[in-house]
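Next up: the structures, one after another.
Here come two complexes built around chain A, the first alongside chain B, the second alongside chain C.
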Partner chain A sequence: MLSPSRPRPLSVSAGLTLLVALLLTLPAHAQKQPGYQGPFALTNAQVIVAPGDTLDRGTVVVQGDSIAAVGPDVSVPSDAQAFDLSGQRVYPGFIDSGTHLGLAEIGSLPETQDFNEVGNLTAHMNALAAVNPSTVHVPTTRVHGITSVITEPENGILPGTSALIGLHGYTPEQMHLGDVTLTKLNFPSVGRQGPSDDRSPETIQTEAEKALSKLNELWSEAKRYARIDSAVAEQPEARRQPEFVPAMEGLLPVIRGEQPLMISANAAADISTALDWAEERGVLDQVILSGALEGWRVADEIATADVPVLVGSIMQPPSRESDRYDKAYRTPALLHDAGVTVALRSGKTENVRNLVFHAGFAAAHGLGKTEALRAITTNPARIFGVADQVGTIEAGKRANLFVANGDPLQPATDVQHLFIDGYKLPLENRATKLYDEFLNRNPGLTK
Partner chain B sequence: MTASTFRRYGLGLLGLVLLVLPSRLCAQDYEVPTVTDTYALQNARVVQAPGQVLESATVVVRDGVIEAVGDDAEVPYDARTIEADSLVVYAGFIDGFSHAGVEMPDTEDEDVEDPGNPPPDAAGIQPDRSVRPFLSPEESDLKSLREAGFTLGHVAPEGQMLPGASAHVFYGGETADDMVLETSPTLFAQLQTANGYVYPATDMAVIAQMRQLFREAERRQQLDAAYERDPTGRSQPPQDPEHSALFPVLDGETPLAFYADEALSLHRILALHQELDFPLVLAGLGEGHELVSTLQGVDAPFFLTLDLPEEPTRSSGPDTTMADTTSAPSQYYSPEFKAPSYETVAEEEANLELRHAMERQAYLKTAATLHEAGLTFGFTTREADPGDVRSTLRTMIEQGLPEETALAALTTRPAAQLGLDNRLGTVEEGKIANLVVTDGPYFGEGTSVQHVFVDGRLYDYSSDGGDTGEVSGDVSAVLGTWSYTLETPQGDLSGEVTIEGGPSGLDGTFTGPQGDEQPLRSVSFDGTTLSFTVDSPQGGSVSVSVTVEGDTFDGSASTSGGSFPISGERTSSPNATQK
Partner chain C sequence: MLSAFPSRFCFALGVLTAALLVATPLQAQDQLRGDAPDDWLIQDATVLTVTDGTIENGDILVRDGDIAQVGRDLSAPSGVETYDASGEYVMPGIVEAHQHMAISNVNEATNPVTAEVGVGDVLTPYDVGIYRALAGGVTTAHVMHGSANPIGGRNETIKLRYGVTNPDRLQMDDAPRTIKFALGENPTGLYGQGRDQVPRTRMGVEQVIRTALTKAQRYTEAKQAYQSGDRARPPAHSERMEVLAGVLRGDILVQTHGYRADEMLMLMDVFEDFGIQDLVFHHANEGFKIAPELAAFGDNGAGATVFSDWWSYKFEVYYSTAYNAAVLTENGVNASINSDIPGEQRDLYLQAAKTQRYGDLSATQALRLITLNPARQLGIADRVGSIEEGKAADLAIFSEHPLSVYTKPQRTYVDGVVRFDHEQDPDDMRLRVDPEGTVALARDGWSRHAAHSCLKGVTQLRATKNGVTLENTGR
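Right after this comes the complex of A and B.
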């Protein structure tokens, strides 16, 4: 979304001059070195191969963009840069299942918010197209071991497609992980929306019925569009293309069963309605539920529907005043206990790094450490269909992993090294630069 | 904020209240895009033209045109199929004359310097205007007429004696441009005096002014022709748009379309027509039964009004006196009857009511009378209430107008009269896809319009059936006009609600603070609780639920933005006050 008030980029020559000036005068402030690929050997480390599967002392060899070998007696290639990691742990990179990373820069500047397109039916908007690979928030996110995120559009009933991106790359396409694209549906609200919603029960019901019938109409039109499109494809010479309806075009992959449908719903009534709706339309097996803050109220229904859930953000008060203070923190555990596959989402832009603390809260509120780790590694990898590429430290997978000096869900733990697609990436970021500068203020605050 | 600005912006505020929390509304306030313009109505009873019926046929509509009609018509790959087994397809109705879809700008009364010789627009002489810039697809009469089955009309701008050029207008479309089939088929004229104390202020002046315009236009045409032959030695002919606009009328190419209901006006127009010899279209004819023989000698398309006199109401309730039209009436109006004393006033009253009924009867029979006299006519909805069109047609049929003639007067005849019969009027291959789809014979009592196609665009009314609320208890407790006050955070808003109907169902109108009227939907009443829904012109809807106690009510109005207290008081009821 290019807002008209956004300043025009500097002209190329002016930009170049500026760049040269920056390089000449401020080398110390630029990122010291870019990421580089190995081979690397991480030796003598405790390797968390997968949540619940720990190698007490082992070696991980990274070659090119992937993991070449993992094990207690793996030989270190002679050309590998070796790290002796005694007392440290190697984890698979974490995955945040719902953010605006790359789509927003500064919260108070509307010009930098690219996840909110105007209009209700914008299913043809692809979040990936708007991702800014050089956003300052990516390095800030990596410091806590997060290596991939879902980044998603927001506004309207069909805001567009979300994408799974790796947090290293200089073009959106480089970052796109496993071509994972999910069509998002903000399910219309059918119930009371909170304590401030003082609509009468009749109004709520009529508005809900109206919203649903509108959605049904939309879906049947989309199906019709797909049917016409297929009919034309059969005899392209004899038949003419239907009028191009972008939103309908955007829904084609979902209608044809080729793309998952990420349904965002939080209230219990909305979730059950959404599940029934999806079942009636035969798309239940494509559905991934997102948000689901009241999912615990209908956990059995979700489990029966066999729909995975991207829960969060759980760091908030409960949706109803009558609920226990920790209901939101406990939601992942309650869903998991009912048999639902749970992944965690922070729902953030600047604070995606806090995903580890969300997981920590979930772990402490009934989910347990292992399941909490699964919710940010293997579970999202499986839900998004990239379990063969990420989520664990196994030979052949993408080298998305990091080294920490303790439990990464604990705030005191530091990440020492981080690798994405085999690139060893520097961990400095805007926050560390500010930290370094202000720690060594000169002349300080003496006067 | 002063009271007057409040009145002016009040409804906007109501809209604002509705839109304060757009995030809640946004989930439903969108148009589902149409993915195909191809439709197939399968296995329908198709009335191709009056008297020409296919019992089970498929109608294929594509790109605004009827592509195929027949029992062997193939359903195309890109069609949206409508199962029409129990439905009847008619050609879309054609309105012979109306102002549907026309939204004239508010004109402010300007002081005319010399009222005896005003500028043309102040005098109402604007034949150079076109209806085109005043068209809007959102105009409410247009929508109601479409719902009644009208798909195209001969539409003129509003004004005084010569308001401007008409157009053949589709009663549907997304933009005003979609609506226009042809511009300037006629110039609209009426015996209408100027606004305010300005010449022409009387009928005699209007007629004199017409005559003057014609004479002057004729003169200018001659000057133009002479100047074109040889400009040397001649001054340039005078030019102005008012006279130039009349040239095609003088040439016999463009008719003047007059609207008049009263017999006297009709006579005056016909006299003018004879005198000035212009091509004529005559609409209205409300008192046409008074001048049948005169009309027989007139060569012009006629469009009969679909407005009939209402039954009068009496202190004792509605007057149900019927005129006895049998050859040997059991009772009849006696013009000689005089009440000799106060004791016989009731007799005089009965005599008078009988006279009213007889008089009304003549109007109800007008269509039949004209038909029996061999006159062909279409219909005009200009003075009609769109919601009453079907019952009016039923009355005309009851009074002797053959059903097929009524259908012809809605379809084939106006198509021919307006010169559009090569494109409209029947359900045939190649015609413009203007269709009315009903769930039974159109003139039947319980029939409702399910779909209307206008230029190939589908308007679906099939889900509107659930829009009537349940009614029980004594409805007289709610009938009438109520003033209401709605308390919103932005201040109080007030207006009127009118509830009409009877035990079989209620409806009514909601007048916003700005004077804007909206129909009530789903009006239900159970003896104490009255509830209804009103759509806001800005989008969204308000559900009102109130408890009625005597002549006051109290309750709440809920929108998606929250609930607001509403209270009201009955200002008039049909029993208490008389018109």
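Right after this comes the complex of A and C.
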């Protein structure tokens, strides 16, 4: 069971006074503590420095928002709160490479959902602007060791930008990790959009072609807009500003090669077309492929294009009825075997926590445990350009890490402590609170 | 195309086809396993019986599709094939208490009460989802009417004999009949909000059910009065009333979609008034709040079949906890875990395993959530749900402990017949090719686009797993 947050040791007398005051004035349930920073020393733990690089017995020192030291013989600062973690393991925080976390609260209530803007071209929308730091889903996600996620807009061809967010903070800005912002492109699809999509094959083809020519038109316009914008910037007096088109403005960073282009595509044909499309427009080196349910069918093409892939959700049936039952589970392995850099995405909102089980299934279905861990730590960190900040437990990096009593991909394992940006965060969440209240309900049957 | 062939060729083809059908009736009935053996000796496995502990290096002898013997060092009688399961784990075939696969219609969403219909009439043995369930260790499934109506249609308990083409051969012999009821947002959204019709509220749902049951009582009384000569004519025959009379007699088990604690308490009160004892709540996301009441219902308690961790997809599941199954279990409620949505029926062993994290259930308790407990809820525990002599040889063999995330199904037996074998598992396991189905699916997130099967067939609502959106009411 998930343990309640431990009270901070009372090394500082002011803290003691405060705590005593709190104890006198508050009922028992109100004593839960919000997150707080260290210094902390995690001692005698098995440290998974990075997937495939394990320290059998070591210490991790956390100072401020960072990892100050890690190693077998690290000295513990005298003011650090120390945890003896014999028999436990320290892992770098996990990263989910595609979610709606923070953008939706209740699936059936549109007024609580902020990832679907109106229109096909809304590239000026920023997911970060709508992230609700207080969503009830964040604490339930953290308890599985997940410390950061990509959260994305959805609707239309160019729905806006996705953001990498850390799962602690009181404002979207505090949560924004490494300023990672990705322009999202839902590549027009010649596939069905799900089992309930009953369009005829001809309709699907026609609509996809129409959408693609729409995209091409938009892209040309955006490039022209960018050229004019640059020309004006060079000679502000001589040239007139173009009419302000917000969506075109939104595409400027990606047109200028300053921002990654996250292309969502799942059907094999869509992936091939998207790669060709990106190459023709000179943006292939900015492309990150997302979804890629049928990526295994065109794995060599993806490898040749040298495009990293955010795979998932893999916990779904294969895309075609004629495919082997485990094809979705095997997709990460098949892509990896072809030489593609793979990260995993859950595609979820309230159940991003299940990313760990997605990784477990990917591991079992050919990827192997070490590569599966890379797909939720070092690989996404590299893909998003924040490998200097997160993904491993190394001195100087952000202290995004957690302690587990076993293999964190196994259902029976519990996360014992969790740190984001050096904050030791409570592990309570709605699920645990309801459990604590109702396991032995009082009154029971009779009052 | 055929018209282009000479007519003599067509005639010859027809004769040939007819001859094949006559010569191989069994294969025509079962395209995959027509002559497969149902006698086996499974050897040297870790046998997870779920009722009588774990047997290391255990053997299971299967005769005529039933479990004949469970123990150690059993020997194979002549003619019995052996399977070397050393290093592998055998558990009872998984029993799925709530699914909508293998049927071509889900909701008769034309009236708040439609007890007269049943999904047993629309079974589709060609659904490749049956095979994919087998590839996840599932051997029995309760395929259900949807949740559009407060009183929906009858459900069907099927054995996953993938390969048979006669729908009747999917049906599980002697399984009790069951019927779907539904409470809360689905019926009130469809009828009240969608059609300006009762029920719009949970009050309305209660009265729809009370009214229907009262009419069934009167119907039963009228029939009895006619039979005893106190009434000149029988009541006009009503299939709807016949089915509801079966519910009142206890012949048909009630399986009720419901999420909130208050509506479950409501239905228990209604059923007490009508003397109905058999009740299983489906989904029951707030079951944890009323676990003592569920356990105390009637003579045997009310069951609850829940999701492992789904929540927040609609308002009535916002105050949910993944510890639900554990709270129910620890309070003595017969609880199970189901998957509901076609496509999700493949990893129930993982869903059960989560209860080890959410509430520290033991391995046996966790495994029972997908075997013995759902079998009890469906009234079939005398035949399936555990590895015991005399029960059907429904067995799921895994590479590692089935509660490990790294496990992989190896073989699945239904009635002693191997219906899934990972070593003989070609890509395309369809029994019939749908020419319209050749366009690849390109889901970007299965869950967002998958039709919420509980509301399939309901045109006024755009229904996804994430919930329901009204389309025609201007909202």
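One rule holds in what follows: the second predicted complex is superposed on the first by the 392 of 447 C-alpha atoms of A that agree within 3 Å, B and C clash if a C-alpha of one lies under 4 Å from a C-alpha of the other, contacts with A are read in each partner's own complex, and residues count from 1 in each chain.
Keep in mind that, in the parts below, contacts are C-beta pairs under 8 Å (C-beta built on N, C-alpha and C of every residue); 3 or more make two chains touch, one makes a residue touch a chain.
Bear in mind that the values here come from a model prediction, so they are computed numbers and not experimental data.
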Regarding the shared-chain residue A:322, is it in contact with chain B (first), chain C (second), both, or neither? second
After superposition on the shared chain, which partner residues are touched by A:186: those of chain B (first), chain C (second), both, or neither? both
Given the touch rule stated above, what does A:361 touch, chain B (first), chain C (second), both, or neither? second
I'd like to know which partner A:218 touches here: chain B for first, chain C for second, both or neither. first
Is it chain B or chain C that touches the larger share of residues in chain A? C
Taking the superposition as given, does A:438 touch the first partner, chain B, the second, chain C, both, or neither? second
After lining up the shared chain so the two structures overlap, which partner does A:203 touch, if you call chain B first and chain C second: first, second, both or neither? first
Have a look at where A:57 lands relative to chain B and chain C in the superposition and call it first, second, both or neither. neither
In the superposed view, which residues of chain A touch chain B and also chain C? 186, 189, 193, 197, 200
Given the complex, residues on chain B that touch chain A span 24, 26-30, 32-37, 77-78, 80, 531, 533, 541, 543, 545, 556, 558-560, 562-563
Spell out the residues on chain A that touch chain B in their complex, using ranges where they run on. 119-121, 155-157, 186, 188-189, 193, 197-200, 202-203, 206-207, 210-211, 214, 217-218, 221-222, 224-225, 228, 231-232, 239, 242-243, 245, 247-248
Can you list the chain C residues touching chain A in their complex? 128-129, 131-132, 135, 185, 288-289, 291-293, 296, 309-315, 318-323, 326-327, 330-331, 342-343, 346-347, 350, 353-354, 356-360, 403-408, 425-430, 433-434, 436-451, 464-469
What residues on chain A touch chain C, complex-wise? 1, 105-110, 136-137, 140, 186, 189-197, 200-201, 204, 264-270, 290-291, 293-294, 313, 315-317, 319-326, 347-351, 353-354, 357, 360-361, 363-365, 369, 409-414, 430-435, 438-439, 441, 444-445
